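Order as written gives the chain letters A, B and C; numbering starts at 1 within each chain.
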Amino acid sequence: MTDFLNYLILGLTRGSMYALIALGYTLVYGVLQLINFAHSEVFMSGAFGSYLVVSGVVGSHHNLPWYATVGVLLIGLGSGAAVGAFVAWALERVAYRPLRERGAPKLAFLISAIGASFFLSQLAGKLFNRLSQNQFPTYFNANGAALHIGGASVSWIQLIVIVSALVLMIGLDRLVNGTKLGSSIRGVAEDAPTAALMGIDIDKTISRTFIIGGALGGAAGFLFGTAFVFSNTMGFIPGVKAFAAAVLGGIGNIRGAMIGGLLLGVVENLVPTAPWNGGQAWIGIQWTDVVAFVVLILVLVLRPTGILGEKLGRAA
Amino acid sequence: MRTRNLVSVAVLGLAATTALGACSNSNDSGGLSGGSSSGGGGGATYTVAFEGPLSGDNAQLGINEVNAAQLAVDQANQKGDLGFTLKLLKADDVGDPSKAPAAAAQILQDNTVMGVIGPSFSGTTKAVGKTFGDAGLAIVNPSASNGTLQTLGFKTWHRVNPNDFAEGPAAADWLAKKAKKVFVVDDLSDYGSGVAAAVIKELKAKGVTVQHQGVDAKTTDYGAISQTVKNSGADAVFYAGYDAQGALFTKALTAVGYKGIRMAGNGVKSSVFTEGAGAAGNGFYFSCGCQDATVAPSAKDFTAAYQKMFNTPPSTYSPEAYDATNILINAIKAAKAAGSVTRATVNEQVNKTDYEGITGHIKFGTDGDLAKGSGTVNLYEQKDGKIVSLGDITKAS
Amino acid sequence: MSAATTDTPTPSQGPTPYAIKPPSGVVHNPHVRRFVACLALGFVLALMIGEQEGTQQDFGLAFREAVALPRILIFLGIGILVFLAITFWPRIEHFLIRPGIRPLFVGLLSVAVSQTLLKWSDSSVVGNGKFGTLAGKAADTPQLAPFARAYFTTGVAWAALIVVVVVAAYAIFTGQRAVAWVGAGLAVVVGLWAFFSQGRVVSLLQTPDHSTGALVALLGYLAIAAACAACALRRTETADTKGFIDRVFAWRPGMPLAAVGIVVGLVSLGVATWFSPQNEDLTLVDTASFFSGHGLAPLSQAYLSWLGYLLFVVAAVLAVLGCLRRDTRIAWATAVVGIVGAVLTLMTLYSTSSLGAKSGFDGASGAWQNLGGGGWFAAAAFTILAGAGYIVLSVAHDVKVGKLSDLGSDIVGQARQVPGMGKALVLLVVAAALFYPPTATEFWQKVIVSEIGIYVLLAIGLNVVVGWAGLLDLGFIAFYAIGSYTTAYLVGALPITPPEWLRLPPLAAIPFAIVICLIAGVALGFPTLRLRGDYLAIVTLGFGEIIRLVAINNPANFTNGPRGAFGIPQPSIHLGPLHIDWGSSSLQYWYLLLVLIGVTVLLFNRLEQSRLGRAWAAIREDEVAAQASGVNTVRVKLLAFAIGASTSGVAGVFFASQIGYINPDNFILNNSILVVAYVVFGGMGSLPGAMAGAAVLTWLPEFLKDQVPAEDRQMWIGAVILLMMIFRPQGLIPAKRRAAELHGLDDQPREETRAVPAGEGMGGGR
């Protein structure tokens, strides 16, 4: 049981990050019916942006008092979100809007996003560095145990990741379902021409959707960098997984992305390790990604539009 | 609308072109001296080539090596006793076997190239070893450690780093003295799986219980594997992979509270590991068929010069690449002293190498691998953020 | 819908009738927005260009170097120039429609590119071989002929370019015909000056030279000369370049090809190197005297000394006559003489190089070594001339005959089918594919085989799935992997070896690879048939990753894991009297690959026009409608997967046996994504487009090796892909059907696409 809980917590941590990134894919998909392949670089730029701010704020201090730590974490989340939002906005202006104005075929959007993704990731490498591991300053004991649940311990960083992700996701849910901006996003997602006739500014709504998704992705970048390490190529693998998570939950569906992300994270950690099997590994951890993709394919074969189905407008 | 855009692209292109032109017009004069490949002439130019990943995911390893090669070439030129001018040609193969042949062709078509440092990986070496062999051009591997390379019949192949089968079993013998149950984790790379196979084979021969799993080198989340290692109740864990991932792994192991022995091979022993792991890396053991390039006296100068030139300390495989370059330079010198510098004569001289390098004493066997007994495998441990040597691993307690 | 239009920087478009509140203020001023965007462009260029590189210790170092003060001003200046150009475009636009502007612009760009980016020498003495480096050294070399030194003196080449361009531009803008003739003459003289100056350098350096810089500069100057000629000979005040080219083809379809053939032939027979023993460059005349009296086969000796010239003259005269008179008998004669000439050229090359190898020049061990470009150019020229004959034959029954006097007129023809133009282009490409690679450096030969060629084949395969059937496949490389591993298994390079009776040489693995990939394609296709667009994308992506991970994880020790399969033998054919063994020469592989590509293209070309091809188009456009009209969508989709997969499998067989070693790293997800990018970049659904896209985007990183720091190449490629999609979303060579989709059949912009963000094109219709 303890083992099971340990792996579950690991899975939820990883899943929360997937979910945060997946939301960016799903929001954009909702309004544009496009996979924003460059979203992984929004995530990456959130990590670099927040690093610059956080390392400036923290300086060479170690082990800050708790209130300062909370402050730095909020600053980190905020700066990551801000940088992510800016990059996502710029992305929409440069890589998407001109194509939309030309009525380009759908695949052209995918390819322009891939081009933008190569560009951003390598530009970040050129400007910062191309090392595979950069670390945030250690301003608190991230791996210290925060609380114990039935013999399993949750470290501070796991707690922070899960709680921030939850808060952000609830906030997004409220934003989409409870505000005027949210209703215009849903309107565009449901039926763009009609929404336009109703006086909704489509370009502006799309722009803001990118900004919201980018902010979540950027914040995820900060969390990821704090939990692990960050680099200019860090976005690719989590990006692919989060894309899979979004599809798993039903792409274009916000709650679907949350569920898909968490589910994928948990499956990745539980299935290969099989903690219910008395410590006897069932298949090795090297099969993690195979498990993830097989689950994805099985779900899609059974439910071709994901667990909750698509449509940002209806299901949310 | 459309024409306007076309023209604005064109204008942009022109502007970029002009800017590039402005940047790249470096006029180093000196005239065209004809007949560069005349051989043995006073002002002749010879080139050593580096083939390795200079871009892509594995670029860091290639940069560690090419920097060291550059340093060796610059030092040789500065000494002024060469009697020829030495140049370094950098060929980027992205660490990808399918791109290696083009990089090899780029090297081979320059007829001033007398030797190659690289390729950096076993995979790229397998892809081009025969090509270089057929052309008679000496290659000196600084980091390809696959234990079967010496058996593949590459005619001009050499390597200065010990192979998996030299290092792995020594580490396994040491572990077998300490642990009854060992968990081996590899990074699913050519290098990692080779080392893991060698270690597992030896451990099993010593009657140790072994569990083995792999984690992709691009993973950053080592939580699940660390938890698995802890749950398995293994007395020791051996990581077969590279430094950056080793640091992440040891941090995750510390986070889950794993208390057993942690150990890795040469690929992990570097400043990247110590910096990345921080305090979590203390107590981590390494087996390495090398002298510690940051500590050993013969290597101090190298470390200082490298730091001065590149503003970063030498890292994984920099010392090996430095030695490989110097071996080639010495071979060209020897070939010149013996009368003629051609690819064939340089290769002969490389075969005869007997060189005291910063990673140890280097002599090649007839198969091109390090001659047996020319290197001892040492045990290292990270203490207080620094890697210190504990001496010969066969004698270490 | 309303504010959407005003956001775009198009001053000519006012608010639509539905506008609710027209945005105002500084932020919404289109000029201000455009200015900011242009400054941002300059800023990004400053970050991209240059050697600065991030460091571990100092995160901001590269950024500070990039925006250091005098430097950033240059780039912001570029941004402002772009701003000015766009803003004042309507004012200058009407100057730029005069005859000659386009060729002038092309010429200027070619010469500028040649003198900044391209190599002018391959000798290692010249460092990076670019014009700036070469000029710096050449100007100080007393042995060099004075005229060549003059050209390389600092600033002279650029000043000459500026003078030529200014004269040409003056002539074009003022319309003075006399000045135009002066400009044309000047351009030709300067172009030849550049060409022969570089020639002198090459003969001084005595190393084999494959650089293209001088040739491109010459062509650029010739384009400027053409611009001047167009100005001098104009009959109207507005240019219609495309119309002019159309009219040339309508007038005498084979003539452009004949002209190209004659130019190439003249270069070949006149100045090109035919044989270069011991670093000497021998032209045709020199080669003839070099070999005379050394026991060369009489036919070859005759070719070298007189037969070659005679054949060329005959072929050229026949081609011109045949084109002029549109006479099928002369055209037949042209084709025959051209083919005979090409064959004789190849025979001569074989016997000369064999004889040279016997004499042991430069360690040559067999035929086809130490050859210069001349012979290959001659073969290309003969082929092209034969092609001119073929064009005449193929359009002989076309009743439409243009008049010579139409050439300069401004009659813009209706969208008519221009006879022979496509065929002429194809013939040129084929001639280049056949005869260019032998003249390239060893490095480029390798690139042509192991990068360009293989990915062209993959793109052809993926084009079936993505371009024709409209199924987005992000795991295409999986089939390439399956093909490679099948080969490795069948030749016994894997830990588990096949039973003795199944052991095969690599080429015999092709049918097995095709069958296995067909099965794999169906296996992937079957469960995913219900999925649409993006769901399919992620499933195929997952499939590709699963295949790679299985290869890594090595179940049952079948794939040998990350260590891969070593020792896959090189291909060989032993059929009756025919014995071919592929060794280490890239060229041999290239011709094998060319055969594979050629066969595939011929088959697929048929396929596109077939019932199946139309069914694919139908399900791509509207699956429901296709089903309703009787298309068996399941079967058709599966066929698309299977056919694409088997092409990929063939590429895999070729790859495995060419390189001899495979491991799972060759089959990463990034490669799958890149192949999709190649297909879309080239033009989805268009066979030539997919091939061109793959060729350009695999060539580019190797070209960029000499231009930017190696690590930055992917950044530049990303930028190129992005720009291409922004400015030409339909791709390099769009399929006719898709071009119509994008622009409407009569080139009317589709306004309603502004408001409807998606659903166009593939997988759309939701």
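A few remarks follow.
Keep in mind that, in the parts below, contacts are C-beta pairs under 8 Å (C-beta built on N, C-alpha and C of every residue); 3 or more make two chains touch, one makes a residue touch a chain.
What you see is a predicted model; the values in this text were computed from it and never measured.
When every chain is represented by the mean of its C-alpha atoms, the one lying closest to the mean of all protein C-alpha atoms is C. Looking at A-C and A-B side by side, the one with more C-beta contacts is A-C. In terms of their C-alpha centroids, the spacing between chain A and chain B amounts to 36 Å. Separating the CA-averaged centres of chain A and chain C is a span of 39 Å. Residue positions 55-56, 552-553, 711-712, 714, 723, 727 of chain C each touch two or more of the other chains. Residue positions 130-131, 284, 286, 289 of chain A each touch two or more of the other chains. Shared interface positions of chain B, i.e. residues touching 2 or more other chains, are given as 59, 188, 214, 216. Those residues of chain B that touch chain A in the shared complex are 57, 59-60, 188, 211-216, 218-221, 223-225, 227-228, 231-233, 244, 247-248, 251, 254-256, 272, 276, 278.
Per the touch definition, chain A reaches chain B in the complex via residues 3, 6-7, 10, 13-14, 130-133, 135, 138, 143, 155, 224, 227-229, 233-234, 236-237, 268-269, 272-273, 275, 279, 281, 284-286, 288-289.
Interface residues of chain C, counted against chain A in their complex, comprise 1-4, 7-8, 20, 47-48, 52-56, 59-60, 62-63, 66, 466, 472, 527-528, 530-535, 537-539, 541-543, 545-546, 549-550, 552-553, 669, 673, 676-677, 680-681, 684, 711-712, 714-715, 717-727, 729-730, 738, 741-742, 750, 753-764, 766. Interface residues of chain A facing chain C in the complex, by the touch rule stated above, are 29, 31-35, 51-52, 55, 94-95, 98-112, 114-123, 125-131, 134, 188, 192-193, 196-197, 199, 201-204, 206, 240, 243-244, 247, 251, 284, 286-287, 289-290, 292-294, 296-297, 300-301, 304-306. On the side of chain B, the complex with chain C involves touching residues 1, 3-37, 45, 47, 54-56, 59, 87, 90, 92, 95-99, 101-102, 104-106, 108-112, 122-123, 126-127, 130-131, 134, 146, 152, 188-190, 192-194, 214, 216, 311-312.
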